[in-house]
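Heads up, the next two complexes both have chain A, just with different partners, chain B and then chain C.
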Partner chain A sequence: MMRVKSSAIVMTIYLLFLLVPIYWLVNMSFKTNAEITGAFTLFPHELTLRNYAVILTDPSWYMGYVNSLIYVVMNTVISITVALPAAYAFSRYSFMGDKHLFFWLLTNRMSPPAVFALPFFQLYSSVGLFDTHIAVALAHCLFNVPLAVWILEGFMRGVPKEIDETAYIDGYGFGRFFIKIFMPLIASGIGVAAFFCFMFSWVELLLSRTLTSVNAKPIAATMTRTVSASGMDWGVLAAAGVLTIIPGALVIYFVRNYIAKGFALGRV
Partner chain B sequence: MALELRGVSRSVGGKVHIHPTDLTLQKGTMNVLLGPTSAGKTSLMRLMAGLDVPSSGRIFWDGQDVTGMRVQDRRVAMVYQQFINYPAMSVYDNIASPLRLMGRPQGEIHRAVQETAEMLKLTPMLSRKPLELSGGQQQRCALARALVKGAGLVLLDEPLANLDYKLREELRIEIPRIFEASGAIFVYATTEPEEALLLGGQTACLWEGRVTQFGPTPRVYRAPADATTARVFSDPPMNFVSCFKDGHRLNFGDTVNAPAEGAFADLPDGRYLAGFRANHVELNKHSGQAVEFRCTLGVTEITGSETFVHLHHGPDKWVGLVHGVHDLAPGSAVSIWLDPAHVYLFDSAGRLAAPAAYAQAA
Partner chain C sequence: MDKTVNNKAWFLVLPVLVLVAFSAVIPLMTVVNYSVNDTFGNNQFFWAGLEWFEEMVTSSRLHDALGRQVLFSAIILAIEVPLGIFIALNMPKKGFWASLCLVLMALPLLIPFNVVGTIWQIFGRVDIGLLGRGLAAIGIDYNYTNDALDAWITVIVMDVWHWTSLVALLCYAGLQSIAQAYYQAARIDQASRWAVFRYIELPKMQGVLLIAVLLRFMDSFMIYTEPFVVTGGGPGNSTTFLSIDLVKMAVGQFDLGPAAAFSIMYFLVILLVSWVFYTVMTNLDKAEGQ
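Moving on, here comes the complex of A and B:
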């Protein structure tokens, strides 16, 4: 009985500890700048929605979210579309160098994106892709496609090859089999892979900031703007932070039952 | 209408899976592929289905060369040992899917699905998903999908191996009855000699990628062409003892001898390999001709009313299946009796020299 109690206490402390920064962010986003800088308050004494109002009415603020969402969704769609056939090939066929190629894919994740910022910047500038959504979406494919291939391959490996063969014997062509029979079988895998692509593209800052200036500027870059001549606008910054967390939290909610399998790259 | 394999072989990465094989399967027949695990049953089936391309040789269907034809364009159906269905579709859609792909009219599809489901007792489950069914029902769904198609060649790869004992018995009786009416060529792979005998038809015995014998099932059982076939087509495997024919006597091992009678009398003198099945071993002198072998008992396995006795006789290890429950101490000396009429003789190359007298009479 004592054990249960003490473990419950530890758990509570742990959760509190985890939630403190998030609570403080939400707390700040409802305060006025005067309260934030003037006093230590555990909850907003002067509850205000002004911070959110600023963001949701000023295009230079909310377009940051729109831009981010556009390239993140583009990236997710491209990554999954490219990774599906690649993962199928890796899971079903053996070809020369397949194991090395498969591992090499993952090594792309091992180098910091900063390494690629310079070549991407120069390349995109010279072909006229600079400051477009597709530029960021393509750049993020660098680390998202390999990840999606790994996750999907794990899920596909769990589907017996006999299903493919039975479908061919029944008369399915490859395309029809893949869409009608195979994709429903790995739907959770597609969901998890899409979630990871979404998340990594959403949180990536360096490439997205380097490759954009005005038209496709991501929210994370906009947030640095709050440092102005009149000082720091703490409240608006906090509200922007809360709004940045929301999409990730929403997406996590939808794939919550499969995330563990996704972290294990589908190999559970 | 027939499926003909001419010199078909397959090797993968230098390893031979199927040695060159000639085989002709006639329309409306049940053909059993009998062999132990990794004997090449599945490999041979995949070649017949067109899932694999033979390394050499040609495959003919109705006299037409179909060797390189896509599997989608062949009229085949296949059921695997694992229960393979389309998990995202209902049982109804599973059964209907091959017909839909053929572009049959809606009404006809509905009728065919209902009929097939009725035959396989799946009617109450039509709206469920395959994974919500029991193993036996899942396999019946797979069988229904193979059957509804009206394929000319139906391949069943150990379809009952993953089912429990009772369901297996049930389906084993149902399958030949269900498929008889369709007039297709059936190929049924199994590791169990008993299953081959129950299914009847023709049996091809496989051993290490080779068809050792192909013919009517009872004939293959009674007159196996060689010692390998005899070993494969007996459960437990056939027992062997070296034999030397000297004039009118057959000398088994070092100590036991019996008169060479019937077909054995005409054989030239020399070394042979004598084989007998487990069920012909008795623990008492059951006939006037029976000869006695003194053995050491290994273990006994009691299966209800019968007992498997594992025996050591000199260098040979035998298994006998005797009636009644015999609880004998391991390591004890035991005498078994064998009627020479139940003995097969194989020559030094392993080919059948003379079948057992009982088999000739039958």
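Moving on, here comes the complex of A and C:
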């Protein structure tokens, strides 16, 4: 009985530590700037939606969200499409250099984006892709493709090989087998991989900021705009922050049992 | 699992190979090219040999950034790994509360990096932040924009806030896979709580802990956005870590040669550490398989 109590206390303290800073952000997003800088209040006394209204009515603000969503979705589709056959190959066959290839993919997840920022900028400028959504989507493939391959490989290993063999005997070709039979079997794995591709592309700032200027500028870079001549617009900054948390918070419940797997590249 | 030997599988891997080659190998070769050349713009290059590498290896700026980086990663690991294990041991095992804990704990992991910075900036500021105001109210002189130590503490607490849950979730996944029979055997032996942890839980968590340490080391070693938003690398240079320094050098000052030499050495360190971890991980898998 005592142990149950002590662990509940530990968890409560830890969760409070996690939630209080987030609460402060949400709290601030509903305050007027006068209240933020003038008075110190634990909850908004004059509840205002102005900060959200600013973001949702000004194209230079909400286009940031649209741009982010466009390249994130593009990246997710590309990553999953190329990762599916590769993960199948890794889970079913052994071939020359497979272990080295697997390790090489891992190093891409581990390489610092700062190393790649400048060459990416020059590469995409020289092929005329600078400031387009596809440039950011391709750049994020650097870490998302390895991630997708690793996660999908983990799920595919759980499908018995006999299913493949039976399908081939029944006269299925590889393509039809893969789409009609195999993909439905690992549907949850595809969902989890897609979620993590979405998430890692959504949270990344360094590459997306370096590769865009106006047309494809992500919301994260737009947020730096809140410094103006009249000082910081704290309320709008907080509201923009809250809006970036929402996509993750919406789907988090569905992937709760796979979170560890996704962050560990499918190795758990 | 036994796999069929089939070199035609290369065709299935080909799309990944082409894509990653485009987004990793070509940029990396550009970096290699810059690191051994000097340029005055207009795409004119002059062979510089190892000059930039020599300059970087002996530069005190790089040494300082590296020192700060190693210290930062060491502190992060020393705090987050034990704390993560401790939290995982205290998490509810199943039911509604377990789901709730999982969801709430994962929340910081899914927040964009710069928003994490913004949250802590807003939270810690002395004029408008709950933390800054609270500390001032109980008489602690805290100001992360002026004081190097306060800036360090802020950046470390922020990282603990952001990533401890990852370690905890990984350990939790490891703990979930332990069969009840082990605990029952321990109870029959009247093993102490410590003995259960030391001889049952810790060995079972070995694999996930290895991944947790690898991920936390790597990600803290290339941290950029969060400290950049909160402190901008300051006050002075006190929180300028490797990535921040590198971006400053490459994009800010356009010192391409030194920045490229810096990048390559940075990348090699990462590669070496990944390789060590990967080898240990695969050996561990093999040992478990037998």
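Observations, loosely collected:
The rule is simple: the second predicted complex is superposed on the first by the 257 of 268 C-alpha atoms of A that agree within 3 Å, B and C clash if a C-alpha of one lies under 4 Å from a C-alpha of the other, contacts with A are read in each partner's own complex, and residues count from 1 in each chain.
To be clear about the criterion, a residue touches a chain if its C-beta (ideal position, glycine included) is under 8 Å from a C-beta of that chain, and two chains touch if they have at least 3 such contacts.
These numbers were taken from a predicted model, which means no experiment stands behind them.
In the model built by aligning both structures on chain A, chain B fits alongside chain C without clashing. In the superposition on chain A, A:Y65 makes contact with neither chain B nor chain C.
By the touch criterion defined above, A:G173 lies against chain B but remains apart from chain C after alignment on the C-alpha atoms of chain A.
More residues of chain A are touched by C (comparison of chain B with chain C). In the superposition on chain A, A:E162 makes contact with chain B only, not with chain C.
In the superposed three-chain arrangement, the CA centre of chain A forms the vertex of an angle with the CA centres of chain B and chain C, and that angle is 90 degrees when rounded to a multiple of 10. By the touch criterion stated above, A:W150 is placed in contact with neither chain B nor chain C. Minimum C-alpha separation, chain B to chain C, in the superposed model: 9 Å.
Common to the chain B and chain C interfaces on chain A is no residue. Taken together, the chain A residues at the contact with chain C in this complex read 6-7, 10-11, 14-15, 17-22, 24-25, 28, 36-37, 40, 42, 78, 81-83, 85-86, 88-90, 92-96, 98-99, 101, 103, 105-108, 110-123, 138-139, 141-142, 145-146, 149, 157, 161, 199, 202-206, 210, 220, 223, 234, 237-238, 241, 244-245, 248-249, 252-253, 256-257, 259-261, 263-265, 267-268. For chain A in complex with chain B, the touching residues are 160, 162-163, 165-173, 181, 184-185.
Of all the residues in chain C, the ones that touch chain A in their complex are 1, 3-10, 12-13, 15-17, 19-20, 22-24, 26-28, 30-31, 86-87, 89-92, 99, 101-115, 118-120, 122-123, 127-131, 133, 161, 165-166, 169-170, 172-174, 207-208, 211-212, 215, 218, 221-222, 224-225, 242-244, 246-247, 250-251, 256, 259, 263, 266-267, 270-271, 273-275, 278, 281-282. For chain B in complex with chain A, the touching residues are 49, 51, 71-72, 76-78, 80, 82, 84, 86-89, 97-98, 101-102, 142, 145, 149.
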